[in-house]
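Chain IDs A, B, C, D and E follow the sequence of writing; residue 1 opens each chain.
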């Protein structure tokens, strides 16, 4: 049974709404946890809502030009697009979104949609530090992609498909069918790149507020910032969902979805608390060493062990 | 040892001496002299190739019976060739000497080592 | 015909000696004369080899004229030198 | 003495090449090939007693024409290279006055030598010698004049004319063969009757050609000597 | 028919006559002189036309009324007729050219020149060995006199050296003649040849023939016995050098041709070696040469060496010998004479000084014609000849010779094109070139003749009949109308390209159609900016048209020869185009070196294939089995020089970056596809020939090329260089995709070819226009131009999105196809590299757009305006095309897929509506619905934009302020721009991958050649006595080799 286009759009928007709220709450929870680990009290879990509402409602706005304008649009478009092109709940015709229009390759490359726009927008702002931030972010992101690609190749070998929906389908039937157990090496490679993608410590180069007073997000304010924050909320969940789909068997309902994505995201926070931060050249070098080797092993594993 | 061989050896010796001179003498006139000696040697060798012991010159005068001429005379062809070769050789040597004269006029030297402006 | 061969060998030796002299004498005039002598002996050899035409040519042009031209050239290269000294 | 060593090596190497020839030459005992044909047919074909002349002037006439050309060109070249500035009235080599004996002797000898030269080339088809040898004799007569009289000068205009026209006639005689006898008869001596074997006026054009060659060679060699003698600019 | 004897009679008679009519005045003398030469030229031409048109048979002309061997005979056949016509006509031109030189030296000079011609005619005609000696002496003595008669020290010493060498050669010749005569009893060549071959082994004959042939070879100035010859070329008057190089060398070559049948097989082989050696060594020595005439001398000697090689290989070459020989000879003859004459007109001692002809387009045109003719570029006779030579050599397995000939040809390319570069690119000099008309006319004539000869000789080869000369004629017309203003020529060229496309396109299959469209549409698009140029733009249109003619020729080619012909036209045209750039000298040189090298490899490959299959059809490549690996490697390497795969890429960045703004898209977006087209043809033909290992290797090469290209691009500061490196990487993708050899892989390759054409043309046009406007390539000197040039900004934005492969634009299609292709193929690691390099592309793309358009604007650019509309028009046409293709790729890809289905049935793409999907064992593998994605992204974008517009409707516009560096004023533009060294951290981590190893390698190679050239040419130390040693050493060395020892 296929949905009509209208209902597909409506269900997608519903899904988006869920993910958005979940993302805001989750970030609050995470910040709380981190604060507690650090011995602070921390913010309330609903703080993110306040932030967004405040920013969207702010009046003092300036613009640097057309690209500055377009940056947040690209960014938020990137997040929403990623959501739209990915099946959220396996087996549900309502929440597989528009995933039939593309496969994992589309998702990989659509990640860049937002990044590129953001980078351009920030570039037009003209602040020197934004450029530095972008160059670092781009540099790190490129190397993160190595292990991610290798992991995806391993998965494609294993399941003989690139379609995310089919990948999830192939992992059904018990926890041991998850990629995590089918190909632990590739999963490790994938998760390492996930750390890089989420840019949490130790790979939090762009966001490093201590080192560079202003990265791209802080150059933007009010509505722009609101859009960017919305995007972050969505993107975190969608990225987690992507990894969930790829490595952890996907989710058949929203509960499973929330639990899995929470823990996947939590790993990044955990690692960030445990490990010190890298300089960008170090992280670039690290990604072409360790995750690369693991990714290669993952592909070999997929080719020969299975 | 027959005469042809003797003359050949003489001719070859002249050729070698001439070349030796051309290779070792620095004076340009001497180099030309060396070439002249080589030429003389070659001409000797050429004529010797036509020589047949005991025969007369290729002139069919009363001493030579026309019908048996081919068994009485030496080979006239090398002689004809040498005739040409001698004249040409002298002509070339004379021309070379004029070059030497003109070269000398420019640098006041007859040494071949002094004319190395063109090289590489 | 031992005699004939002996004459040829002697002439040949004479030519070789003259040629070596021509190449090794320092004095250019002697050198030129020596080459003339080589030619002259050659013309005698031609005569002995039943080549009178060649012999005449060699004597007149090879030994005579050629030597003269060499001498003129030598003269000319000395002459200029003297003028400039 | 590395400078001597290389020439020595080269000459020794050449020696081995020539040695190979010397050791392998067997003396001839009979005429072969074209020489045999010449010996057998030369007299009847061309009517020349001197086979060398027959070969030089007719059978291999093109070579001889070339030879004349070479000499002519060498003369031209020497004149070109040793050209003098115009209007410089030089007197040739700085002279010592020639001895009286030489003067008288040469006055006596010059006509004789010239005659002898002419004899050689006119009789080229009968006896040894021919145009080149005769020409050389004429040149040596001129040479003697130089020696005897240092102010002696050859008449260039006449010489040039003789040189030119003897050459042109030579070519024309050759071309006459083409005209009269056919396409394959350049320089054929038989455009004139062969005459009686062994007489002066025999052998077709050979005496004529040798006369022209003699004149040409004589004047050319004389010019070369004259040029070599003269002062430079 | 006039008896050829009359040639001799006329020349000789006039030679004798001239001195005596001196009195009649110079006018009469000169008139007679010229009439004489004209008469003999007419006679020889009469014979030539009789042979060519009336089918006249060769005739023997006897002298003295006797048959050989008794008398001397001449032979007049087709070969002789061609040669004496060439010689006499060349001499006529030479006489016109050198007339002043003669007049200065007196009437005797005219006489000597007449006899010089006589000697050469005699050498060609005579069939008697001793007669050869006589004519050789005539020719040589005439040459000595002509050289020495101006009495300069240089010419005298050169002449003296020549005389000594000539003296030794003639002594050897005499010795050889008498030795052979003593055994054969004849002097007639034909008789001698018969007798020698009948005689069996004889030591005397052995030595005789050896010495005879070596004396001729010495006269031909072969290495190493040729030091004197170089001095002669350098020291003589240029008019005389021209004659020595052209006419007398021709006559001497024919002498070698005549006497060579005497030689044994071993001796002939030795001559082969000597010829090749001369060709290689002369060209090697030439590369360090700075003196014009000596350089020409080296080149002459090299060419003669090649011709000696051809003559000695006569038996191998068989029926084609004459065509090859004459093809090479005529090219050399006309071109070298022309070059020497030009050199005399230009009067430039050093080749660098030739820059003074920069302002004389006609001289440059003629110079270019000559060097192209020497190199064997189309349409000159040498192309077909070299082609045929290599083909036949390959048939005989003479691979070593082919390699050496190719090596030497590349060296020749190096110094000739470097010279050409000097002319166009060095600082202009103040000196003026006087152009004496009587000296120029001969040069005009030989230039014209080269084209005529090229047409006829090319068509005389079987392979050449199929060449379509009409487009070339169009190029020729463009040269003629080059005085017209740009807008007329531009329109004309565009109409011509369109018209040609209109004729061509209907008959093409899918594959050819795509490439034809790339070339044709690319042509039209890249010509549009030409309207912005004012003035005449001398030289641009002919060479641009030449390049497109070549490209289209590739599409039309059915045979190897057509393909090679077109390839060389394209190479020549593109070289001249690239050379037009401002600082392009060294880059154009390395471009032509690699291109020529690649072309020779292609030639070699074709030859091997032809040798095995006996066919020259492109499709016959599929039948190659024995040589399959070699053929594949050679051809692939050849094409990869054009696609600039890693290792062969170093020419590209400079060439593309330094080219003119509208040339860069031509050479980058369009020209590179020629290499791709070649690879596709090759791969299709040879897919079943057991070369799958090579495909595997090529896959890796493609992947590494892609990675390194993108990495290096990220570290560039020069906008056009960045794009150039990006092209290298993109072509790496294409190579990789092709090497996969599956249907989807080839879809990716084709898709990349099309899209790369579009977005690279777009980017190069946009950036090129900006560069033109800003007058700088350096990105750190730009910035903040978005407000000044919004249209350009949108172009670049679209361009980089398309290039980076971000959905929804067309670039993503390539990525998707590629992922499917390599995973299905199982090339995981190469694929990963490709994927990674795709990501690296983001770095430089961001850098590009950021540095140019974003950030603070430079003060000096505050009043900048949008670029010329003529540059924007093609950009927006491309954008429109890109948009359509991005949403509806099925239009093209489905057809392509079907077309390749028969060739490559594996892994096809299935279309469902607009959606493409791939299947494995009937299960869905990958899916891509470009139209849907496009709609989704657009809607989403529109919604968000609407929201933002609504939310920030009251936003204040602020200007960017200058950044103040606390109390420090930045001194250099680099430090004041954030994009300078933008990815330094990246370089720190991955810089080891981009060490300039390849550049160092090629530098090492060129240094090696240059230093060895410089070292070994000291061999010619200028001492005549040493030259004597060379000659004698040369003879004895080869004698001992031939003899197998000393005894």
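Keep this in mind: a contact is a pair of C-beta atoms (placed from the backbone, for glycine too) under 8 Å apart; a residue touches a chain by one contact, two chains touch by 3 or more.
Since we're looking at a predicted model, the values are computed, not measured.
Trainee: Just tell me the minimum hop count from chain A to chain D, counting one hop per pair of touching chains.
Mentor: So the least number of steps between the two chains is 2.
Trainee: Quick one: which chains contact chain D and chain E both?
Mentor: Expected: B.
Trainee: Hey, which pair has more contacts between C-betas, B-E or C-D?
Mentor: Top pair by contacting C-beta pairs is B-E.
Trainee: When the centre of a chain is set as the mean of its C-alpha atoms, what distance in Å lies between chain C and chain D?
Mentor: Spacing between the chain centres: roughly 19 Å.
Trainee: Can you give the whole-Å distance between the Cα centres of chain B and chain D?
Mentor: 16
Trainee: Using the average of all C-alpha atoms in each chain as its centre, how far is it in Å between chain A and chain E?
Mentor: A distance of 53 Å separates the two centres.
Trainee: So the centre of each chain is just the mean of its C-alpha atoms; given that, what is the distance between chain B and chain C in Å?
Mentor: 11
Trainee: Touching two or more other chains, which residues of chain A qualify?
Mentor: none
Trainee: Indicate the residues of chain D shared as contacts by at least two other chains.
Mentor: Touching at least two other chains: 6-7, 10, 14, 21, 25, 28, 34-36, 38, 50, 52, 60, 63, 66-67, 70, 73-74, 77, 81, 128, 132, 224, 228, 232.
Trainee: Going through chain E residue by residue, note those that touch at least 2 other chains and give them in order.
Mentor: In chain E, 130, 134, 137, 141, 144-145, 148, 151, 179, 182, 187, 1029, 1032 touch at least two other chains.
Trainee: Touching pairs of chains, which are they?
Mentor: A-E, B-C, B-D, B-E, C-D, D-E
Trainee: Please output the residues of chain B touching chain C within their complex, sorted ascending.
Mentor: 1-3, 6-7, 9-10, 13-14, 17-18, 20-21, 24-25, 27, 29-30, 32-34, 36-37, 40, 43-44, 47-48, 50-51, 53, 55-59, 73-74, 79, 82-83, 86-87, 89-90, 93-94, 97-98, 100-101, 104-105, 108, 110
Trainee: Would you tell me which residues of chain D are touching chain B in their complex?
Mentor: Going through chain D, the ones touching chain B are 3-4, 6-8, 10-11, 14-15, 18-19, 21-22, 25, 27-31, 34-36, 38-40, 42-44, 49-52, 54-56, 60, 63-64, 66-67, 70-71, 73-74, 77-78, 81-82, 126-128, 132, 198, 217, 224, 227-228, 232.
Trainee: Could you list, by residue number, the parts of chain C that touch chain D in their complex?
Mentor: Result: residues 51-57, 60-61, 64-65, 68-69, 72-73, 75-76, 79-80 of chain C touch chain D.
Trainee: Quick one: in the complex, what on chain C touches chain B?
Mentor: For chain C paired with chain B, touching residues are 1, 4-5, 8-9, 11-12, 15-16, 19-20, 22-23, 28, 31-32, 35, 38-39, 42, 45-46, 49-54, 57-58, 61-62, 65-66, 69-70, 72-74, 76-77, 80-81, 84.
Trainee: Taking the complex as given, what residues does chain D use to touch chain E?
Mentor: That would be residues 6-7, 10, 13-14, 16-17, 20-21, 23-25, 28, 32-38, 41, 45, 58-63, 65-67, 69-70, 72-74, 76-77, 79-81, 83, 160-161, 163-165, 167-168, 170-172, 174-175, 177-178, 181-190 of chain D.
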